[in-house]
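Consider the two complexes below, in which chain A is the common component and chain B and chain C are the respective partners.
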Partner chain A sequence: MGRELVTGNHAAGHALAAAGEANRFARGCCGGAYPITPQTEIIELLRGFTFTKGRIVPVESEHSAMGACIGASLNGARAFTASSSNGLAYMAENVFAAGYYRLPIVMIAVNRTLGPPWNIWVDQGDSLMLRDAPWMQFYTGSHQDLVDTILLAFRVAEDARILLPAMVAMDGFVTSHTQMGVNLPEQALVDRFLPPCSIPHRLNTAHPTTIGGLTWPKETERHRRDIEDAMQRVPDVWREAADEFSSVFGRRPDGPIVAEGAEDADVVLVACNTMVQTARRAIQKRREAGQRIGLVKLKMFRPFPRELLRRTLGRVPRIGVLDRNHSPGSGGIFAQELAASLQGRSDCLLQDYIVGIGGGDVTPEVIDEILDDLLRRKTAEAPVWKEVAA
Partner chain B sequence: MSCHSPDGVGMTCDHLLRAGNTNCAGCGMSLGLRWLEDALGQEMPFLVIPACCGIVTAGAFPTTAYGVPTAASTFASAASVGTGIAVVNELNGDSTPVVCWAGDGGTYDIGVATVSGAAERNENILYICYDNEVYGNTGGQRSSATPEGVVTSTTTRGKVERKKDIMGIMAAHRIPYAATLSLAHRDDFLRKLAHARGVRGFKFLLMLSPCPTGWKAEPEDSVDLIRDAVQCGLFPVYEVMDGTRYRINVQPDGASVEEYVARQRRYGGARTDLPRLKAEIERQWSWLRTLEREFPAREDEGSVAAGPPGGRESEAALIAPR
Partner chain C sequence: MTEITIQGRGGQGGVTLAKLIATAYFLQEKHVQAFGVYAAERSGAPVQAYVRIDDQEIINHNAIQSPDHLIVLDRTLVSPVLTGGLKEAGWIVLNTSETPGGVGSAFAGRNVATIDATRIALANGLGTRAVPIVNTTIFGAVARVLGLSFEQVEGTLRSLKFVGANVEACRAAFEDVQTAHLSGHATSAVPPKAGGRAAGLFDETVGERPRILTGTWANRQPQRQSLTPPCNHVCPAGNDVRGFIHAAGKHNDDEALRTLLRTSPFPSVCGRVCPAPCMEACNRQYFDSAINVRELERHVGDHGRRPPPTKPFRAERVAIIGSGPAGLSAAFTLAKLGYQVTVLESQDELGGLLRTGIPSYRLPRDVLDREIQYILDHGVRAECGQRVDRERLLTLSREFDAVFVATGLQELQSLNLHGQPGVVVQGIEFLDRVRRGLERLEGMHVVVVGGGNTAVDAARSARRIGAAEVRIVYRRTRKEMPAIQEEIAEAIDEGIGLDELVAPLRVRWDGVGPLLTCQRMRLGEPDESGRRRPIPDEGEDAQFDLRCDRVILALGQSADISILPEGSEIHEGTDLLGLTSAPVFACGDFASNDGTVAAAIGGGRRSGWHVHRTLTGEDLFPPPEAPLAGPDAVITHLFSHRPRSEGDTLPASLRRRSFVEVRRGFAAGTERLAASEAKRCFSCGVCNECDRCVDHCPEGIMVRNGDGCGYHFDENYCKGCGVCAAECPRGVIFMAEL
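On to the complex of A and B.
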């Protein structure tokens, strides 16, 4: 396979197909396919792929795309799909159901602004709408990061200690429709990296059970607590999986967070997806000019890597968060999560910037303006709106 | 489903629907699920049941009244979850039948797009709608299956709209097999299930399901009410092959629709517009007879080819509890 120049959607479709194909010696794979911009290429690619033991069902809605994944996973297959924006909103009920069933389904979320009004460009409001669903969430900043994270997502999701679905997000158009050089994984390596998918509670005539029936508060409390416990195990399982990934593919995947010059920094920006690359460039120039500015790329959002962030940002006096999302009446979601992680640190100025909503172009100049503001300010205030498209 | 002990005594065996389920007395599901088991014989299905009375039937975790692998899906998702299960069965050469068991809310209303999608794709699913013509699980609200004139908690002066013709909708999908099931006609019921088992693709079976609480009727009248509904012509018993060839399985004997209506307080007693109801029955039968005359089933196709499994003919004996 080697290194190829492909779009983010192509890279994601390839990774999903390879993961599905890798389960051909077990119970095969199945996915639901329903188009929505900017994700559509992924399901087109999946529909065009010839699986040895798999079928991609061209369903009639996103709700049914996840329904078909649930059925397939309940019957022991590796299951996956992709969606965006209002498609994720329409799917939401079954997104929650998939996690509550403890099914290791993997979904690509190509981030797009929720409508109306209709806007096909990127922000993270769609996948973050599902932040309280029992799903792992990973945000990816480059094509390679995307491919690697998808494969890791299957491995971690299907681990017997986890058994939770995983969502892998990328920026609509900025990632999905641009081409970058990617090491697309060869099937033989994916076969080695992904063990046969095993769903211990799958439907089984030898051991009939009722999955998803009624429970009382007692069992429901335990069920939710079990999910939380599984979430807390994710970082360790991820680390093991990443080690295995390195030995199979010969490259190290990005970790749950990637910190660049954060330890001794006076100021750190926290961002996700492609804004990280833009910020990196702007920060590089400033570092060359002697400013001690760091960068934290946040990949793992669920579970939220609280400890890791606390360790990394523990002594940083000024933190700016780039939130390409907005929770009306509250602010940016990443900043809220980070503030909760750093609670008790009264010495830290944490400023939220809501930026790039609806696909507004976040350029290095925008990052510069944000850094200027962050360096200048005496106190943190309500989220600052950067209307970059004006 | 491991046994049908001839005497039914000393049961160590399991059933599709176990004793201790939470169904109300006189619920059509109790009989329907038992006959489903009878039709499947030794074969265990995968059941998919959306949010409805059918999953409440199971009782609460960790116990369950279902003796077969059962997935409780979200309300609109029986046919999509069934799709995923059926696809993986096929990938693995597993012939376990996938049975979706859903009410009228999950079929006519919230799930209609899902059912339509699975039917259009001709997924290998046996879809059974137990139609009690009301949202029973939430306490008796109108659905699009509720007949005109019927009083529910959301149609307190009687429903204004007519009942949706779901059989017409399903037949229009040209699925290999669509049929109605009467709980007062066991042989026909079992023949249809036996036939459906042998058909590849999407099978849709519509069972009129008495609901004493929703129909405001006596539990012991349940089967009689279905017999009356069939015999007065309100609920035609027929089957459609490939959406194009029709066979009427039971000719109504002209039973009194007045009697049917009078035994259910949901019809609002004297306020029921009987002439209108009779005209609707006439219209329905004129339409159905025309279809059967112009587009008849071939003599050897459909449920006529299948004998009643188990050879047990007595209907009365089977209504008694196991």
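On to the complex of A and C.
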């Protein structure tokens, strides 16, 4: 398709459609469709797409949208959907079910603040609400990162060593409704990159089995351990898939984390989604002025890339985490996870900044103020609330 | 990097304009970014869109604070805040009919380009006057000042599939844009942001109306209209059917009766004898079943309290010839207007056909007497036994200020059956004789000819005074009979035979007694009345005999115009004699031959208004009727199905030999039944203050004024969303373009 000027939603929709279409020689594809701002354009685009083998099923709620995906996936179809905010909350029961059924469903989460009070703009509270679900989670920044991650998510999710669903998040409006140039994948290349979806435990009348029936603690322990083991295999499988992606598409996709100048830095900022890019702009100037400031983009959140982060940030004395989310009574979620990864390091100052909640505009100036604070402070404190919208 | 800010209003296409500009540079291999600020997704709301253009990859995603260029799609958005942060060397592109020099001091020291994009867009049919879509038009002007060629502009439009009018409008703007550098010093101070903490959920200010008057975004607002409900539209008496039912639904039978008495003195009568075209027109029949209007009118007429009668206060005197429903309706109308009314009746009691032609098992005498007495209580004088001929009419026209002829239909249609006198009688005369106790038919065979109410009344009366066998013969089928269908069913219940498609030929005598020879018919092509014309059947059995001791003819009546000078033309409301001394009017069946009590009531009232207008110049006629509220005006899925409440009926076994009233109305002591039936009314096209608009207004600005006083809304905050109009169950609210 070449390079197109499209919104993030349309870029994601194209990627889902191409992935679904790529399974036309196997058991086709199926999408459960229910609209919610700011995800609606994805659903609209998919509904307008003519699949050779497969269909988009309009349903009456997010809960049923995931239900449709579960049913389709259990029958061997490549299944996908998209949602946001309170829609994800309503879907939650089936989100867990999809993972516990070990179904490689891919869902786009267009991040939007949970209400009430009603708010349509971005923060990551909605997808992070589901962090304890048996799903992989990827947070994307640029339109290209979004498209590439969606294709990789299918590949990794369907890998026989993984068989777990994957959630790909983007910023509501800031990504979803912004038009930017992006290389949309050619169908022939997607066909090459995504092998036919094969679900070993798919329903088959020739071999009737019960899936998801009552189990004793013994079987449940095993089931949960299997999921954890699969999660631990994800980074390796991802690396293989990324190599394959590079050879097929001729470009290197972003890795689970992207570190820029972090190894020898005095200060590193950790962020996700489009805040990473805005922070990069602020940091560029400081680096040009001789300050040793690094940046880490956290793409893979589940499984949490503990090893990678420990290796990258092992000697950095000051780390600031930009959390566009808030776990009440605890603080920013990325900061907590990162602190747990770096446990045992007493020489590191790790400060959490809660910023851009409810879609507040995070400008390069805001990042500058955060860096000033981080460089100045003697000790880490309780999460700093950086209210940018006032 | 070049940054552009677009200020516009929702619906003008600002976000698409951003994409157009971005695409123009994207096609030149530049890195671009285009995005809007999404919030008030409402037509007319101020919205911003942004474009970034760069040779390098664009990485930041925040809103633009200090744009290089500013595009303003709506002149009313111009304010000092708009230029805050704007870089000095860039362009301000303004959609306005003014020249750059005429846009005022706000843009001093700036490069200003103006284009009348609204005019160009509308001339090319883009958008509406309220919301012209100016994006493709103004793109032409922007492209020109940014130094793009029109080939590049065309390529951009083509790649986004804009063709035709969009391209033409764009070309016009590309060519027409005017530019100037305004003198003076540019100011680009960024106005300070509002300080202080934002309101939390528990602050008192939360939930207050916004300081922005969101109503200024509206391009349409709700308005209310009253449509004509179908029941009101078809009522020959001109009753406010919906209005009285609305009052009855509020358990206010007195108010319901007052509503009916505005147009008719006979609610109790009509509630018994009206064929109720309102029920045939009722929109609810398409949902479950029509409202039981007739039974409700009877209930209200029988149970509502009549207001104290007024007395004449005018000097003018009016004579009314005939005391049937038309004459008495005219008398009632004029008496309430204060006239001194004298009714002249040839019979010895008032009521005309209501008394002589309708049997008491349908219309009990005390019910009729009560309603007539109420008319007389208004100071109406009645003189019975006064037959008026042509001579007398002329005398009256000199003695009174106005004279009505409301003598109804005295001329009876006949049919020569060659029978002996006494065997063949007229239905109307028969009914009158029955009423006076002068008829006995013990053990007789009776044949009634006709299909109207008189035929059915005569048949059922014959049954009640002892006839052994009663048959109705009708030349069409039951479906075509003009009689009230329920009455036909009741007659059959009472054991009366109905011979459809049969016409009488002659009466003959076979030595035992009289026989009526009949002809079987079939239906042919429709005649001018739209009904299929009966034509004689052929064949052996096409003729047959019915044993008959009595043949009763009920074939209809016509007006006896012998009272009038020869050559008079009868039209309702015209002066029959053209006299200067006193106008003479015809009314009721005499004038219009509609043949129903309700039509006579309506005719009588309108004639009264004619007189009033002639004598005083005051016009009481209602304005032209509002458009009809058809079935489509009602959102029926907002209602629940509920069966119709029916009145009680005397069992057939008890009524065969009795003149006791057959229909008993809603069971005694069940006012709730009437109110509950009345509440089934959809109130088609007329607001009944159901409050659904209040409940569904997303802004919470629709306010009830108090019972019976309608609603108002706060125009300052009505964005014109149209939810109230979409939710109005009865088509009253509509959205009017501003």
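The criterion applied here is as follows: the second predicted complex is superposed on the first by the 390 of 390 C-alpha atoms of A that agree within 3 Å, B and C clash if a C-alpha of one lies under 4 Å from a C-alpha of the other, contacts with A are read in each partner's own complex, and residues count from 1 in each chain.
Note that in this section a contact is a pair of C-beta atoms (placed from the backbone, for glycine too) under 8 Å apart; a residue touches a chain by one contact, two chains touch by 3 or more.
If you're wondering where the values come from, they're calculated on a predicted model, not measured in any experiment.
Partners chain B and chain C, brought together by superposition on chain A, fit side by side with no clash.
Of the two partner chains placed by the overlay, only chain C lies in contact with A:P364; chain B stays clear of it.
Applying the stated contact rule after C-alpha superposition, one finds that A:A382 touches neither chain B nor chain C. Shared-chain residue A:E93: touches chain B; no touch with chain C.
Contacts of A:L74 after superposition: chain B is touched, whereas chain C is not reached. Looking at the shared chain after the overlay, A:I120 reaches chain C, while chain B stays out of its contact range.
When both complexes are overlaid on chain A, the residue A:T209 reaches chain B alone and has no touch with chain C. With both complexes placed on chain A, chain A has more residues touched by B than by the other of chain B and chain C. Closest CA pair between chain B and chain C after superposition: 11 Å apart.
Residues of chain A that lie in the contact sets of both chain B and chain C are absent, per the superposition on chain A. Contacts from chain A toward chain B in the complex involve residues 27-28, 30, 32, 53-55, 57-61, 63-77, 79, 93-94, 97, 203-205, 207-216, 219.
By the touch criterion given at the top, residues 14, 44, 46, 48, 55-56, 58-62, 64, 66-74, 76-77, 79-92, 96, 113-114, 116-117, 120-121 of chain B touch chain A in their complex.
By the touch rule above, chain A contacts chain C in their complex via residues 5, 38, 117, 120, 142, 171, 173-175, 177-181, 274, 277-278, 280-281, 361-364, 387, 389-390. Residue ranges of chain C in contact with chain A, taken from their complex: 18-19, 22-23, 26, 31-36, 38-39, 58-63, 65, 193, 195-198, 201.
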